[in-house]
Every structure is written in C-alpha cells, then in structure tokens.
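The following blocks contain the structures, represented as structure tokens.
Shared between the two complexes below is chain A, which has chain B as its partner in the first and chain C in the second.
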Partner chain A sequence: MNYNPFIIPFTTGAIILFAIIIYKFIAWYRKLDKKQRFYLRKNILTFKSIEAIKESFLEALIHRNIYKKNLLLGYMHMSLAFGWFLLIIFGKIEASLHAQTLFEEPWLAIFFRYFVRDEHKFFMSEIFPPLMDFLLLVILSGVLLAWLKRFSSSLLGMKKTTRHSKFDKIALASLWWIFPLRLLSESSTAALTGNGSFLTGTVGNLMAVLNLQYFEIYFWWAYSICLFAFFVSLPFSRYMHIPTEVVFIFLKKWGATAGEEYSGYTDFQLNACSRCGICIDVCQMNFAANIQNVQSVYFIRDTRYKHLKDETANNCLMCGRCVEACPVGLELTVIRQQLRNKKEIAGKHYYDYTKPQEADKKYDIVYFAGCMTHLTPSIIISMKKIFEEAGINYWFMDENKGTCCGRPMRQQGFIQQSKDLISINQKLINSSGAKTLVTSCPICYKSFKEEYVLDIEIKHHSEFINELIENNKIKIQNSQKSIVYHDPCELGRGSGIYEEPRNILAKVGNLKSSEFEKQNSLCCGGSLSNAIIELEDQIKIRNHALENLTACNPDILATACPLCKKTFVHGNKAKVMDIAEIIAENISLQNQSSKHKEKNKIKTKIEL
Partner chain B sequence: MENKKTVLVIGAGPAGISAAKSLANDNISVTVLEKEDTFGGNINNWAKLFPNFKDAGEVKSSLIQNFVNNQNIKIVYNKKVTELKKHNQKWIANTSDGEVFESDAAILSTGFKVFDAQYKEELGYGIYPNVITSVEFEKMYKNGKILTVQGSVPKKIAFLNCVGSRDEKVGNHYCSRICCIAAVKQAIEFKELYPQSEAFIFYMDIRMAGQFYEELYRKSQEKHGVVYIRGRISETSSTIDKKVQIKAEDTLAATPLRMTVDMLVLMIGVEASKSTTILSKQNNIDGPYGFAKSKDIHTADNYSNENGLFLAGSCKRPLTLTETIADGKSAAISVVEYLKQTK
Partner chain C sequence: MKNWGFKIPDSRTLDLDKEDLKLYNKIVEKVPSARRCIMCGMCSATCSAANHTNFNFRLVHHKFRMGMFESLASELDKCMLCGKCRMLCPRGVNTRAVIYNMRIILDNMYYKNI
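And then the complex of A and B:
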C-alpha cells in the first residue's frame, strides 16, 4: 500500500468535509417547502437535469457571468475552479491507470508524485506530467491574481472587495498556500527522482541547492496540512459556495423558487453566495450614498451566520440592481423580503373602515390609479383624457375611495395587513367583469401580477397606451422635444417592461439614451421599500441619478412611475413628466372623432 | 464736496428701505439697487397686515416717507445684481445689464420668495383651478372678493398650513413663522366677507408666538366660527363641478377624513430668494436652505463673515414685517459702526 503518515491530515480533512456537507445538505433538503420538493421530484428525471449540468459547468467552473464583468476577474475564478477540477480529474485518471483499478487508495491521486517515484511506465503515462504541470501553472496564475486582488481590487475591475470572517481567513490563507506547496512538494520530489515535467522539473532544479533528502517530506506534510485546514474550514467559510452552488443550480433548473417564507432553498442560496462582492459595486447605497454593510453580500453573510441586524435587512431600496448583477443568480431581494416578514400575525385589522363601493355596472376596463398616482393628479387627468380620446368604457376603481394595493405594507413585512388590502381589492376588481386592469403605478402592477389571484389581464399604462397607439385608437403628434427615459425599478427590473415606454416616447419626441438604462437603470431613491434611510442619503441617491439622467440636458425627463416622478421633481433639475402626461399633451386633435369634437364644444361652452 | 461714505443696499423691500433711511439720516450716501420696477418687495403682496388688519398700503406709505425723495438715497430700479464682490476694500456690484456699482459697504436685503406650490403636486395647485395660494388670496381680497373660477362665492373654504415648510420631502425642515397667523387672518377676512360660508384650517401645530396672535386665533373660533383640524392634507382631487376634494387625516380624532370644499388656499412658506442664495454663495456666507448666514445670531446678527457685507431682513430667515423693519435699522447701525472703524 502507498502509505505515509503525512496523508493523515488530508484524509481526515476530506472525511470531515464530506460528512459536514452531506449533513448540511440533508438538513436543508428537509426544510424545502412543499412546492420546491414537488418540482424537484417532477423534474429530476427530465432534460432539465442535463441543462443543470451544463449550467453548473459554465457557472461553477468556467464562471461565465464573472467574465462578463471583467475578463481578468473571470480568469481568476476560472483558473482556480476549473483548473483545480481538472487537476483532480486527471490526477484520478493517472492514479487509476497506474494502479490498474478504480479503487486505488483515495489519497494516491493527490500525492501521486511522492508515491510513484520511478519511471514506471503505464498506459499514456508520459502525457500526465506535462499536463499536470500545465494545470498547476494555470492555478498558480489564478492564485497570483487573487493575491493582487487583495492588494488592489481595482486591477480586477472591482471598486470594493469583501471583508472576511475568521473562517474565511483560515480558508483563504490555506487556499493561497495549497498550490504553492504542491509545487514545492512535487518539485522537490522531481529533483530527487526526475519524475517532474517543465514546471516541477525546473523548479526542482532550482531547489536542488537545499538538502531535499531531508526537506522533501516536510513539504508534503505542509501540503497535506494545508489541505486539511482548507477542508475543515470550508463548510463554515465562503467556500461553502463551491459545493452549494452546484446543488443550487440543479434546484433552480428543476423549477424551485424562493417563496414568501424562509425555507431550505433559502439556506442553499445563502450558502451559494461566493462573496465575490460584485453586488457592492452596483449598489447605489454604496456608490451614491456611501453607506456600507447593507449590501446583499453582507446581508447574505449575516443571515447565514445568524447575526443579521435590522439595519442590514431594512436599509435597502429593493431596487434589484444587485440581483441583476449577481453572477450566481441569487434571489437577493426575495430573500431580504423573507427576513423582513413579520412572523407574528398582528391581531389588529387596520382597514376595517374601508368600505369600498363595488362596480355599479359592467365595464371593459378597470383603471386603478394607485395611492402614489393620487399624489400626482396630473397623471390621473392625463389618463382620463387618454381613455376618453380612445372612447373606452372604463371604470375608475379608486377614483374616490381607493384602497392601497398592499405592496408597500408587504415590503415592510406586514404580510397580514397586506393580505387584508389585497382581498378588498380583489373583490372589487372581480365585481367589474372587465377583461383588462390598467394601473399607472409599477408598484401596484407588480403587486397585481404577483400577489393577487385575478382572472384578468393586467397592464401598466405604458403597455396600454402603447397598444392604443399601435391600434390607432389614439393619434399622437411628435413634439420634437428631447426626452430621456428613466426605467422605474419595479417596472423595469421588477417586471421586465423596457420596450413599450421607449416605443411610445420615440413617437412623441426625440428619445435620447443615458448611461444607466434598462437592466442597469438607477433607483430614483424614493423607494417605498426602505423606510429607514435618512433623507440626506435619499437625496444623495436621487441627485446622483438625476445628474446621470440629465447629462444630455433633455427637455423632458420621462418616467412611468408616480413615485419616481415625485422624487425627481423635488430634485429640481429637469422637467419631469410621466409617460401618460406626455401622451395626453401630444394627442393630436385633428384626428379626434367628430363625436368628441362635439362633446368638447359643449364643454367649452359650459366653461365660458 | 466732502468725501462721503457710500453704501450699496441690494433690494428695496421693507428691510432695504428702512436700512437706507437710517443710513441717509447719518449722512451716508446710499444707492439702492432694486430688481423690480418698484419698491416695497413682498409688502406689495399684502392687502391687510396681521395682527391688526392695518392696510398694507398705508404701512408702506409711512415706510417710504423720506425714502423716495431723500437726497442721500439714490434708488435704481430694474437692476438685478448678478455679482457682488469685495475688491480693494470696496464692494463692487455687477448688474445683469452690465452696469457696475461701487461702495464702502454693502447691505444684503434681498429678502425671500414664496414656495412654489406646484412642487407638491398632490395638493393640485396648477392642476385644479380652485386651489390657490395665500398670495393669490391676498390679491383677490385686495379686489374685495374671494370667488371661485366659476365666479361664485365659496360656501366652504379650506386653508392648509405648512405648504413647503416643515416638510422633509421638499427639503425645508424649518417653520416659516408667518403662515399660521396669516391663515388665521385670512380665515377671519373670509368670514367677515361671507359670514354664511364655512372656513376650515388644516394645521400641524398652530404657532401663535407674536403679540395679539393668540387673541386673534381665539377670536377666529369664538366670533367667526373658523374650524381648526389638526392634520395635513395628503391629496386632493377635483369633482366634475370643479370643487376640490380633500383627503386628510384628522390626527386628533385619529381617523381619515374626506371633505369637499369650493376652494383650497395653500399657505405657502418662505424660502430664500434666488438673489439671496446666489449672492451669499458668492461671498461664502451661505447658510442652510440657501439663506444668508449672519456672523452671530445673538450679538452680530447683521454682520456677515465678510467684512463690510451686512445682512438685513428675511434674507437670513423667515421674519415678520415688524421684525424686518426693525432689522433694517439695526443693520444700518452696524454699518455705521463699521464705517467709523475703517476711516
């Protein structure tokens, strides 16, 4: 048997590592909710699993998404992950070929050069030394980059790099030393036996000045101990993401999604975060307001280690910029919401006084302006004008006695209260018999889409207006004014509506682009999801966004959310208008139907 | 001719007028630069003054006695000062039409402007015709009638306090100090005109910290039946017949409240005027909210941190007319002190 006591640290470490990982995975699996387990069972034997293998390969090994951010950073992650992976695979093949069995000593692959010192030939044996040397070299280049990143993260396109916990430090230090030590061990053996290739052989020659007869074994010991340290600290460190990310990818592919409540799937996600820190750089709380320690990476870390502070959970705009940027694809805002949700169901029902009127007859379309839109009455007036021009039989559901859609309450964690509101509105909407529900507020829109049970088509007014124009229900003229469009978080990243507003605006003006657009758009700072941010910080975020949006001095800064409008208006930088207002202003009168003209004549008479 | 000292007064509002008169009295040659084509500043916006309902025109006439025809005072209208700088111990003012004025000292009496109520879109100003500002109320009252756009007498009128003041969202945390009492005054005026109509005042606190204010507040309730509701108006909308629908919360009764009125008057707050902000920034004496900052609020309130540049009136903070006139005089005394030292 190929044995030497120095294999003990490695072997013990590996056993501990696997035991802990398996224990953890089982524990999390048992905490999965019903829906998640259902999808797992349903899809495990479908081609979705193949897709998951492919994605695991691309994400966990190649780190495709990090490449998109920065080539060097991507290379660093890939060389470590994929390089090591190949080193293990080819090491295993080499050891098995040599031992002519698949069941050689499990440590043989790791310490192969120590145990197989002679030129003992076996099938394809000559290709392995250079191949293994090459892989080691790739990994070492990654390690070098990791060192550089510690000194200057900007080299790798990162402005901020994550701060580390105790276990992270142990794991990181051992990770940094594993491969240099492997190089030294293999090189010293190569110097003594000549079993090295271009890298280990050369380094071995340089090391020959040392008394390698004596030192060789210590290098191997150090290498093994380093592996032990890494394995044992891994499950408690950020490196737990290595095994977890793969499982997460499978669960995701099978169809699991994070629900309203914390579940085992949340645990998988918390542990799949590699703490790469990419989410820090994209967070406006960081770069516009200079607030640290609240970004998703910290939130995820603190939740995982169970010392989450209220500030970290709550001081977030829920803008979703980090979700868009996270290379692992974690549902960061959904998880934050889970942690915000109040566990105890408050007994008090706050909304007993709301006695909404039901629809008095049947309508084609229900219009729900939303609380925020009631604070920007010119949007409402514009929508009325548009409905009238298009000759639509609509019911303005919350004209007089509106009830909030419930989403702001939900975002603060008041689930029960939110549900009360939802049930009031649901009843009302269903009473109208309409086929389409139009809302002016992206917050309501998202709420209707995701939290309501409605048998009705839901449209944000930008989609609705776009259709009216496409179907020639209203005619508009081009004002030739220059317009920059701001994507509201809940409409853009939140609901994926980017094109309709642009489509409309390009027809009424000269649509210009700005630096932060679409998926990358900024939050206006007025988010209702953050109830604790200081006003000054909110203003910093707003002003920074305004500056970028108005860099080209547009005549109009357009948006499609009453809250963004209100926030930006107070910034006093540009004329801010909602899409509905812009359209109402540019409806061309020549194309009005004669019936409407008549009606308008009468109206003006009354006014006079 | 002896070498007289010269002082530039920027702004011919109550503070500037009263400062100029005092300086002229001390035989100092004063040049007053006014951006409008007339003097008086914001006093021109008032019909009657609180707390005694004295006619604003009368107060203005007594204020300008010895101002317009004073041989020591030169008033130049339509001169907007765009730059004020110290150069070789002299104060140089550049105006928008390219003229340059020079003096030994300068007084900033650039005053205030009122908050633009359109920023609070939820209140419907500029959107619903029967939502007006307190300034517009004064104008109507001057003409003897308060009427809706339809031309009828409002049966119900509401006044909303603190519009643009004490409001984090618009960035003005401070109290404008004059709008509470102005609302009381206007509500009484309204009720005297139309005793059959109802008047409501929505407030956060009623701040009656001036002589006779509290008495007036009491009178408005006891004699005129003005109704006070504690709570801010959160949103407005319009009915088909152009009435204004108000949503508010009665914070004393802790219930949401809905009311339809014929007219809503927004008691708009006091903000630093544009010139105040620009000129104080140029001289590094800008304080919070764009107002000018005095050297010491207790002991050197008319001095600025710039030697030779003095502050008078509401360019420093919201002040009442009474305080403004007194502050103009006080600024003049400080200027005289300064000119003596620099002889």
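And then the complex of A and C:
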C-alpha cells in the first residue's frame, strides 16, 4: 500500500468536506416545498437532466457568463475551475491505470508523483506527465490572475470587488497556496527521481540547489495541509458554491422556482452565490449613490450567515440590474422579497373603509390608471383622448375613489394588506365584464399579471396603443422629433416589454438609442420598492440616469411609467413625456376629420 | 353640581412639554428627513387613503411624536403605502419610511425569515 503520514490531513479534510456537504444538501432537500419536489420527481428522468449537465459544464466549469463580462476574468475562473476539474479527472485515470484497478487508494491520484517515483511503465504512461504539467500551468496562470485581481481589480474589468469575511479569507488564502505548493512538491520529487515533465522538471532543476532529500517531504506535508484547510473551510465559505451551483442548475432545469416563501430552494440559491461581486459594479446604489453595504452579494451573504439587517434587506431599488448581470442566474429580487415578508395576523382584515363603486354597465375595456398616474394627469388626459379617438367603450375604474393595486404593500412585505387590496380590485374588475384591462403604470401591470387571479387580458398602455396603431384604429403622424426611450424597471426587466414602446416611438419620431437600454436600462431612482432610501440619494441616482439618457440631447425623453416621469421631471434636464402623451399629441388630424365624416355618413345612412 | 344640560369640554390644547420622544427618536434615527416636516398638508391632499377616510399623515406623525399611541396602529393600517405623498412632499420627507417604521414599531411586526 502507498502510505505516508502526510496523506492524513488531506484524507481527513476530504471526509469532513463530504460529510458536511451531504448533511447540508439533505437538510435543504427536506425544506423544498411540495411544488418544487413535484417538478423534481417529474423531470428527473427526462431530457431536461441532459440539458442540466450541459449547462453545468458551460457555467460551473467554463464560466461562459463571466466571459461576457470580461475575457481575462472569465479565463481566471475557467482556468481554476475547469483546470482543476481536468487535473482531478486525469489524475484519477493515471492512478487507476498505474494500479490497474478502479479502486486504488483515493489519495494516490493526489500524491501520485511522490508514491510512483520510477519512470512510468504502463499503458500510455508517457502522455500523463506533460499533460498534468500543462494543466497545472493553466491553473497557476489563473492563480496569478487572482493575485493580480487583489491588487488591481480593474485589470480584470471589475471596478469594485467583494469585501470578504474572515472565513472567506482563510479559504481564499489556502486556495491560493494549494497549486504553488503542488508545483513545489512535485518539482522537488521530479528533481530527485526524474519523473517530471517540462514544468515540474525545469522547476525541479532550479530547486536542486536546496537539500531536497531533506525538504521534499515537507513540501508534500504543506501541500496536504493546505488541501485540508481549504476542504474544511469550504462549506462555511463562499466556495460552497462549487458543489451547490451544480445542484442549483439541475433544480432550475427541472423546473423549480422560488415562490413567495423561503424554502430549501432559497438555501440552495444562497449557497450557490460565489460572491464574485459582479453585481456590485452594476448596482446604481453603488456607483450613483455610493451606498456600499446593500448590494445583492452582501444581502445574500448576510442572509446565509443569518445576520441580515433590516437596512440591507430593504434599501434596494429592486430594479433587477443585478439579476441580469448575475453569472449564476440567481433570483436575487425574489429572494429579497422572501426575506422582506412579514408574518400575517390571522383573521385580520384591512381597508374595510373603502366603498368600491362597481361598474354600472358592461364595458369592453377597463382602464386602471394607478396611483402614480393620478400624479401625472397629463397621462390620464392623453389616454382618454386615445380611447375616444379609437372609439372604445371603456370604464375608467379608479377615476374617483380608486385604491392602490397592492404591489407597494407587497414589496415592503405586508402580504396580508396586499391581498386585501387585491381582492377589492379584483371584484371591481370582474364587475365590468370587460375582456381587457389596460393600465398606465408598470407597477400595477406587474401586480395584475403576477398576483391577481383574473380571467381577462392585461395590457400596459404601450402594448395597447401599439395594437391600436397596428390595427389602424388610430392614425398618427411623424413629428420628426428626436426621442430617447427610458425602459422602466418593472416594464422592461420586470415584465419583458421592450419592443412595443419602441415600435410606437419609431413611428412618431426619431428614436435614438442610449447607452443604457433594454436589459441594461437604469432605474430612475424613484422606485417604490425602496421605502427607506433618502431623497438625497434618490436625487443622485436620478441625476446620474438623466445625464446618461440625455447624452445625445434628445428633444424628448420618453418613458412608459408615471413614476419615472414624475421623478425625471424634477431633474429639469429634458422634456420628459409618457408614451401616451406623445401619441395623443401626434394623432393625425386628417384622420380625425375623415373619421367624423365617416361617422356622419353612417348617421345619414341610418337616417335615410 | 347643577346640571345645566351642557358641559365644558376638556381642553384640546397639546402640551408640548409632555412630548414623549422615546419611540419617535427611533424613527428619526432611521428617517432623518422626518424632522424636516412642516405639516404643510401636501401629503394629505394627494393621499389615496384620505380619499376614502380621514386618514392624515400629519396627524399620525404628530400623535406619534407626542407619544399618543392609542388607536394609532389601527389608524396606520389605513395607509396603502402607495407613495404619492412622498413624490409631492416639498420638504423631501420620506413619508413612506416614516409610516413604514411606525407600523413596524407599533405592531411589533417581525420578519418571517430573518
């Protein structure tokens, strides 16, 4: 048997590591809710598992998404992950070929060069030393980049990196030293026995000045102890993402989604975060308002270690920029919402004071302006004009005594209050018998889509107007003004509506693109999801966004959200208009008169 | 005493010396802008809840500052947190955060998962 006491730290570390990981995974699995388990059972033996294997390979090993951020950063992650993975695989193959069994001592592959000191004489034995040396070289280049990143993160395309906790630092330090120590120990053995290749052989020759007979064993000891330190700190540090990310990808592919409640799936997501810090650079709270402790990476970390503060959970615009940027694809805003939710008080009802006025007759379309639209009456006037021009039989649901849609309450975690508001509005909407619900506010829109149980079609007014134009219900003229469109968070990233507003605007003006658009659009700073941000910080975020959006000096800054409009108007940078206003302004008059003529014709026909 | 058929009501004056700032200071710590409120009433003018009831941000705010907590929790339950008041406040008071924090303090609401 190949044995030397220095294998003890490695072996104990590995046993502890696997025991903890298995214990944790079982605990989280038991916390999965019914729906998630159902999907898991349903899809485990389908094609989706193969997709998950492919995705794990691309994400967990190659790190495709990080390449999109920066080539060097992607290479750094790939060399460490994929390089180490191949090193383990080929090491295992080499050891198995040598021992001529699949069940050789598990440490033999790790310390192969020490135990097999003669020149290899087994099938294909001459390939392995250069191959293993090459892989080690790749990993070492990654480690070098990781060191560089600590000194200057901007070299690898990151303005800010994560501030690490103590456990992370221990794990990070041991990870940094594992591979240099492997190089030193393999090289010293290579110098003594000549079993090295281009890398270990060369370094071994350089090291020959030392008394290697004496030092060799200590290098191996150091290597083994370093592995022990890394293995033992892994489950408690950010490196827990290595095993968890793969499980997370499988669960995601099988169809699990994070619901309203904190579940085992949330635990998997919390631990799948590698704290790479990519979410920090895209966060407007960071680069515009200079608030440094609330970004998703810190939120996830604090939640995982159970010292989440009220401020970290709540001081977030929920704009979703980090969700778009996250290379792991974590549902960061959903998890934040889960943590914001407060306990419900059984039997308590809110808003009994409202006296909803149900529809007096049947309508085709219900129009729900939303609270914020009532602050921008010009949008309401424009919508009325558009409805009338298209000759639509509509009911303005919240014209006088409307209630809130319930989303602001929900986003602050008051689920019970939100449900009560929803039931009030649901009754009203159903009373109208309409087939379509049009709203001017993306916040209400998302709420109607996700939280209401309605049997009718829900449309944001940009979708609705787009359809009117395409069906020739209204005719518009091109004003030739230059327009930049600002994607509201809840409409764009929140609901995936990017094209309809652009379609409309391209017809009424000269649509220009800006640096921040579509998935990369900025938040105006007025987000209702953040109840606790102070005005001064909001203004910083707003001004930064305005500066970027108006960089090309457009005539009009268009948006599709009353809240964004109201926020930007205070910035006094450009003329801010809602899509509905722009359309109402450019409804072609010719068409109007011809329509009236047609109406008159019909009238006369009837009279005749 | 002779019953005259009417009585003199209790004084409606608020004694500012009886201010109880113990809980209010907690709010100010979290929402410094609360101090800037000049009780102008812009918030009440736009309030979605005031459209239905006599809910009044200034009254709630003032009562909280005076330490008059009776029935304040149920009064706060009328607010829908829609945020219109905050958009209009000429002094930049984060009215939503004031209500939010008052609610948390008075109802002893706590998070499910933290």
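To be clear about the criterion, the second predicted complex is superposed on the first by the 585 of 608 C-alpha atoms of A that agree within 3 Å, B and C clash if a C-alpha of one lies under 4 Å from a C-alpha of the other, contacts with A are read in each partner's own complex, and residues count from 1 in each chain.
The rule is short, and it goes like this: a residue touches a chain if its C-beta (ideal position, glycine included) is under 8 Å from a C-beta of that chain, and two chains touch if they have at least 3 such contacts.
If you're wondering where the values come from, they're calculated on a predicted model, not measured in any experiment.
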Put the two structures on top of each other at chain A: do chain B and chain C fit, or clash? clash
In the overlaid three-chain picture, which partner chain does A:Ala81 touch, first (chain B) or second (chain C), both, or neither? neither
A:Leu61 in the overlay: touching chain B, chain C, both, or neither? Say first, second, both or neither. neither
Counting only touches as set out at the top, which of chain B and chain C does A:Pro408 meet: first, second, both, neither? second
In the superposed arrangement, does A:Leu375 touch chain B (first), chain C (second), both or neither? both
Does chain B (first) or chain C (second) touch A:Val569, or do both, or does neither? first
If we overlay the two complexes on their shared chain A, which of chain B and chain C does A:Leu535 touch? Say first, second, both or neither. both
Let me test your reading of the model: by the given contact rule, A:Asn341 touches which partner, first (chain B), second (chain C), both or neither? second
State whether chain B or chain C is in contact with more residues of chain A in the superposed arrangement. C
Return first, second, both or neither, reflecting whether A:Ile280 touches chain B, chain C, both chains, or no partner chain. neither
Which of 166-174, 184-192, 220-228 or 238-246 hits chain C? In chain B, it is stretch 166-174
Give me the intersection of chain A's contacts with chain B and its contacts with chain C, in residue numbers. 353, 374-375, 400, 535, 566
Enumerate the contact residues on chain A facing chain C in the complex. 261-262, 303, 308, 310, 313, 338-343, 350-351, 353-355, 371-372, 374-375, 400-404, 406, 408-409, 412-414, 417, 421, 526, 528, 531-536, 563, 566-567
Sort out for me which residues of chain C touch chain A in the complex. 30-33, 46, 48, 51-53, 77-78, 80-84, 87-88, 92, 94, 96-97, 100, 103, 109-114
Under the touch definition given earlier, write down the residues of chain B that touch chain A in their complex. 119, 121-122, 124, 127-128, 168-171, 234-238, 245, 247, 255-256
Which stretch or stretches of chain A touch chain B in the complex? 353, 374-378, 380-381, 399-400, 535, 539, 565-566, 569-570
